[in-house]
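Have a look at this one.
Each chain carries a letter (A, B and C) given by its place in the written order, and its residues are counted from 1.
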Amino acid sequence: MVGGTEFISINPNVNREVFKLGGKSLLECYQCGSCTAVCPLSEELDVSFRRAIRYTQLGVEEKILGDISPWSCNLHGDCTDSCPRGASPSEILAAIRRYQSIKYDWTGITKWWNGSSFASKLVGYLVIFGLSLLLYFGFFWQSILAYASTGKLVVLSELLIPVAVVFVISLAILASNGYRAYKFMIKDKKKEVGLVKSLKHIASFFIKVESDAMKVGHKRERILEHTLILIGLGLFILLGILYVLVPKFFEFKVISRLLIYVASITLVIGVGSPLMKRITAGEKTHWYYKKFTHPTDWMSLITLLPPAIMLLLVFVFYDLSMLSHAYIAFALFLSFMIPFILLEFAFGKHTHWLYKVIAYYVGARTGYFRGD
Amino acid sequence: MTEEPRIGVYVCHCGFNIAGTVDVKKVAEFAKTLPNVVVAKDYVFMCSEPGQDLIKADIKAHNLNRVVVSACSPSLHEITFRTAVSEAGLNKYLLEMANIREHCSWVHHDKEKATEKAKEIVRMAVAKARHLEPLQELEVKAETSALVLGGGVAGMRAALELANYGFNVYLVEKAPTIGGKAALIGYVDPKTKGAEIVSKMFDRVKDCPRIQVLTNAELIQLSGFAGNYIAKVRLNPRYVNEKCTLCGECEEVCPIEVSNEYNFGLNKRKAIFLPFSNAYPPYYAIDYRVCVKCGECEKVCRFGAISLKEEPKVVDLKVGSIIIATGYDPYRPFKGEYGYGLHQNIMTLFQLERLLDPDSPTKGELIVGNKIPKSIAFIQCVGSRNTTPGAKEYCSRMCCTTAINSAVKIKEKYPDMNVYILYKDIMTYGSDETLYEEAGKKLVQFIKFEEKIPKVSITPEGLFIDVFEYTIQENLRIPVDAIVLSIGMLPPRDIEELIAVTRVSCGGEGFVREAHLKLAPVEAPTKGIFLAGCITGPKNILESIRMGSAAAAKAMSLLSKGKLTIEPMIAQVNEEKCSGCAICVGVCPYSAISIKKVNGDRIAYVEKALCMGCGTCNAACPSGAMQHLGFKDIQLLAQTRAVFGGEMNV
Amino acid sequence: MSSVLIVGGGVAGIQAALDLAEQGIDVYIVDKAPSVGGKMAYLDKTFPTLDCASCILAPKMAALLRYPNIKLIMNSEVQDVSGRAGNFKVKILKKPTYVDWSKCNGCGVCTEKCPTKVPNEYNMGLSQRRAIYIMFPQAVPKRAIIDAEHCMRLNPPPKAKEKAKGPLCGVCERNCPTKAIRYDQQPEILELNVSAVIVATGMELYDPRNLPELGYGKYQNVYTNLEFERLVSATGPTNGEIVRKSDGKHPKKIAWIQCVGSRDIRFNHYCSAYCCMAATKQAILAKEHLPEVQCTVYYMDIRAFGKGFNEFLERAKKEFGINYIRGKVVRIDEIPETKNLKIVYEDTAESYMKADEYDMVVLSVAITPNSKLPLPVELTKDGFIQLKDPYLDPVSTTVEGIFVVGAVAGAKDIPDSVTEASAAAARAALIAKRFSCPTPEVVK
């Protein structure tokens, strides 16, 4: 080889780690490029999923961490349908994402959350949940009883402080991790594109890709589920903001209850539907629900379900004038929110929104979109 | 020629095949005008029963002594018409074919011009026919026994096949054991050990009294021709006889130590040694090339199995056919080629195969440099596909499959080891593709390179491979503990001697050339010599074995009747004209010509059974003494004159 | 002396027959086609020597006729094989050809006069033949056969049948100079006793319509490699002129797409072994026919494993300037106005999806074994005939006395098939001649 050429050293353990993170078929890939070629995103984006897989096979760490392609993936699954080796590129890409998020996270918690078994995740979750229960049903119990005796639900109080603290800490960690991810991704700069143009690209890209995907049955199903979760979570956040800023809103019974019911029910359906499909997976179930059964997939859904149900119960009880029940449900709701935020929101699969946004932003700004 | 030629010309319509483009009636009319033509006719299908009957009837009615059939290519129907004329009592070589189909009607559209051309073709044929002579076929008695050169899987297979058929076989092997390279391959496929295959074959060879195994033997001279070869075989001394009980005491006392070629140099062996545990014949052997005859072994042997007085012997074997199955040599990387020879952890694929064999110095453990490596990399195409300046252009066919097979085996045994295969193209053709699939499932890592070949760096920190990975277009530096060079195949080292003795020829890549690459892959151009296994080029074990059977089939077909017919259209010497210049001897590709002294004169002599009728000597002969029967100068000149419209009466 | 049945008259079957017949053993060749020759008869030239296929095959085919102990049973299928090595009973269905082959001499008059034109299978439907036809000019045996489905006489269109009073057409019967036409010929069952059977049924091309994304059958200018072979062949539908089906123009850019149906667990796991070199050869032929044409082969691994293959590949690259791009083509789109084709793939050296435009695309289609036979042999999971023990008992199936050669036992090229054929001939001859191993005579 020519003297003076820069050589990248490799980390031979990467493929084992990604294998453990769910990329079981990683080394079955023989690099034909079908996944890239068949992907609807390739029409718009100059990315190579195959190359991301090769980087991972060989352990070219610095390239893997800067690769935006796993984050650009929308898990539509055309690649898995057309893989000649029967490997599942979308599953591998999801595993690569887990690996990337582990590396982006400086705290090391993602490493545990993504890498550990389902059982240890559950134990971790339950420990935090247990501590939250202790907090609300021990430390805050007297104040809860006091609030319950007022006959009013809408109170802005110290009860929220633990959740707020956890939330702020999580946001701070996410921000720092996001910045690290950005630094990795921006390295591989092709050229520079203006901000407005970039945003336009991203917007038109999503409209085109998702509307195309909506035409296909199994993709539509998953997009709908995802959208339900997005709507539910969005309403949750909206309700949270209203709760803090305009508590009076909850006195407008019809509109506030409607919002609450919609938020909870969409979330329960959006989470319950894919959960049920995974549990009852049979021959006719789309492979997506059979393949995406990594513990993090389960946890991302499972942790969302109890807070959604509890919130619903709070208002059901309240409207039935079962005030003490409503307060217990409220305390439970908060107890469930703490582990959700602390684990899933800050370190789990839910972080993908952040990395996706960064990846698309970097991609758009550095000329990954076609037609520049 | 005493008899005046009386020629009958028969023009075939071949349905519309000829008649569609050539006016056959006009051609027949024209033929009638040619000298010595007694009768000329046309018919719709000359090759049909009525067509042949027409010729036969005319031969009798018109007392014809030459026949010209103007129809299709002689390769199609010459035999048909020869049979017809001989049935009418004429020598069958008094027939001449004029090809007006392939050479005329099929390649032209203009009927008028095509008809003119057909006339010219007929005119040429008649001109030649006037000079035709009756010829006689020769029959020689043929020996059925066969000599199989090389005791590898291909040779053993051929020998077994022939012996089962009832032919006696001499299996001649240079080494002290048969088995060849296959015996040394750890695993030939995921389930099969090379040693197992050969020992099962040994059992069959052992049980077959028609096979005589001659080890330590070399073919030193070959004379004669198909059906009647005389093979001079030198039997080098083994110094150990069948009394040997494999106790191994002799080995301990032997003072001579040399590199063990049966482990591809992984360890040393003594001058008295057993090639491998299940060697056949199952006796120790003394390497006559290195033995100093100190007599220690003879002293220590309790069974009287060793005799250092043995002398080389030369035997003459009468055989009908020769099957060459001497195999290949592994490519010999030069010192420094991918670091070969510069570091103990850089080995060849063959050495790795030995390591993985339970019969190896490490008992099947992959131990290099005293420990089990954490990572190992195979570099493919070493010595093949033009990778390095010394490399061959061809693909060695078996190395990808063998390397992947070994990689899978290593992964099964040491799941935590990093196994890399650096390749140009993975050649797991056919059903071997499933092995490539399997390798992925077993987590073998593949790295593709193209024109830029990988570079091995030996540093104090260890071994590194620098490679430009094609599918990510990056220069990678891979730390490895051991490197396996997937070396290809070379023609055997002694192929020059083989060529000198058997007169087979070599292709550009250095392997023996077959009679036809596609349709006669197991036949040498010389009749009676067949080829099996890697002597014609790289093959895998299965293909070599099948080639062994195929070569045997060819020998059976040739000799099953116990006699051979020799075509009379061969070279003939006019002893009056021959000056003994020996030019013909040098040009003959089949060694059919020699110089003999007849009444004190040096005269060329053609061995009829060897001559294949190529005509080279005829063209080379300066005095015109060498004539090709059926294509004599006078016949060809008459034809040539005719085509240029010359006077036909020469 | 007993006899051997060879099922399939391709190059492997022919070779086995010749090797056996030379030893004086009686041989029957059964083939479902009206001529021997198999797939090789369709080829223009062969790799890596660029020998003309029919020039090397035709003499072998013709040689069959020279042996009185070789019987050709064409247009027939094996229906049942029972018994065991040394004594198999074989039932063969001889389908009617509607021509008395003992009279027919292949003059071809009937094929010129027949009024009905149908697509010619020999040219992959790219040209037309008549309802009575001779399979191809070099056919062995060269005999006419009536395609009953399309024959006006045997299968008249209902409307014409109603109008007509007597039997329709009959042109071939009237014109046949040897009076060989037999409209009333019936299927026949032949029963043979043979001592060994050699299966040489070869392969069929995998139907590329199973990969609808490649648009074969939908887009006119997408060809299979066998179609292209006919197109480039001097005896083909255009006499060797490479023209597009859509507009009859010479293509300027041709792409070959490898591994269509091969090396793909959705279709066939195995590598078809012949296609890389076949595509290389076809690209060279295209260059020879149209020097200006640009040829590109899309591949994943070039399988240049055989003798002379890699040299051939290098020649294709250097001497003929054939491009090789590493990437699997996943989709072909037709541009409606020009009928040009856009092929979509990832160039694995450049790492993003590309779409290249070509005016002709050739699919290097996988092979599938013709192994659905009424024989008691076992198959591998890929559908090839299972070998018993290829190391110790080469070319033997799981049934003693039944041997298998050629592509039906695994994808392979011509030399390997021919070698196997001879190997099987050796093994079958042993059974036919009833020699067994330990005989008292010992060599000295």
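Keep in mind that, in the parts below, contacts are C-beta pairs under 8 Å (C-beta built on N, C-alpha and C of every residue); 3 or more make two chains touch, one makes a residue touch a chain.
The structure presented is a predicted model; accordingly, all values stated were derived computationally and were not measured.
A.B. asks: Can you figure out the chain closest to the middle, judged by Cα centres?
C.D. replies: It is chain C that sits nearest the middle.
A.B. asks: State the chain with the largest centre-to-centre distance from subunit B, centres being mean CA positions.
C.D. replies: A
A.B. asks: Quick one: which pair of chains has the most contacts?
C.D. replies: Top-ranked chain pair by contacting C-beta pairs: B-C.
A.B. asks: Round to the nearest whole Å and give the separation of the Cα centres of subunit A and subunit C.
C.D. replies: 55
A.B. asks: Can you work out the whole-Å distance between the CA centroids of subunit B and subunit C?
C.D. replies: About 27 Å, centre to centre.
A.B. asks: For subunit A and subunit B, let me know how many angstrom lie between their CA-based centres, rounded off.
C.D. replies: About 66 Å separates the centre of subunit A from that of subunit B.
A.B. asks: Would you pick out the residues of subunit B that each touch at least 2 other chains?
C.D. replies: 426, 437, 471-472
A.B. asks: Multi-chain contacts in subunit C: which residues touch at least two other chains?
C.D. replies: Where subunit C meets two or more other chains at a single residue, that happens at 263, 265, 348, 351.
A.B. asks: Mind pulling the residue numbers of subunit A that touch at least two other chains?
C.D. replies: 30-31, 50-51, 85
A.B. asks: Quick check on the complex: what are the subunit A residues that touch subunit B?
C.D. replies: Of all residues in subunit A, those touching subunit B are 1, 5-10, 12, 15-16, 19, 27-31, 50-51, 54-55, 57-58, 60, 63, 85, 87.
A.B. asks: For subunit A, which residues count as touching subunit C in their complex?
C.D. replies: For this pair, the touching residues of subunit A are 30-39, 42-43, 46-48, 50-51, 82, 84-86.
A.B. asks: Which residues of subunit B touch subunit A in their complex?
C.D. replies: Subunit B residues touching subunit A: 375, 418, 426, 436-437, 440-441, 443-448, 452, 454-455, 466-469, 471-472, 474-479.
A.B. asks: Once bound in the complex, which stretches of subunit C touch subunit A?
C.D. replies: 213, 259, 263-266, 300, 327-331, 344-348, 351-353
A.B. asks: Can you list the subunit B residues touching subunit C in their complex?
C.D. replies: Interface residues on subunit B, with respect to subunit C: 13-17, 44-45, 47-48, 75-76, 79, 145, 153, 157, 161, 163-166, 168-170, 188, 192, 197, 200-201, 204, 207-210, 212, 384-386, 393-395, 397, 425-434, 437, 470-473, 509, 511, 516-522, 536-538, 541-543, 545-554, 556-558, 560-561.
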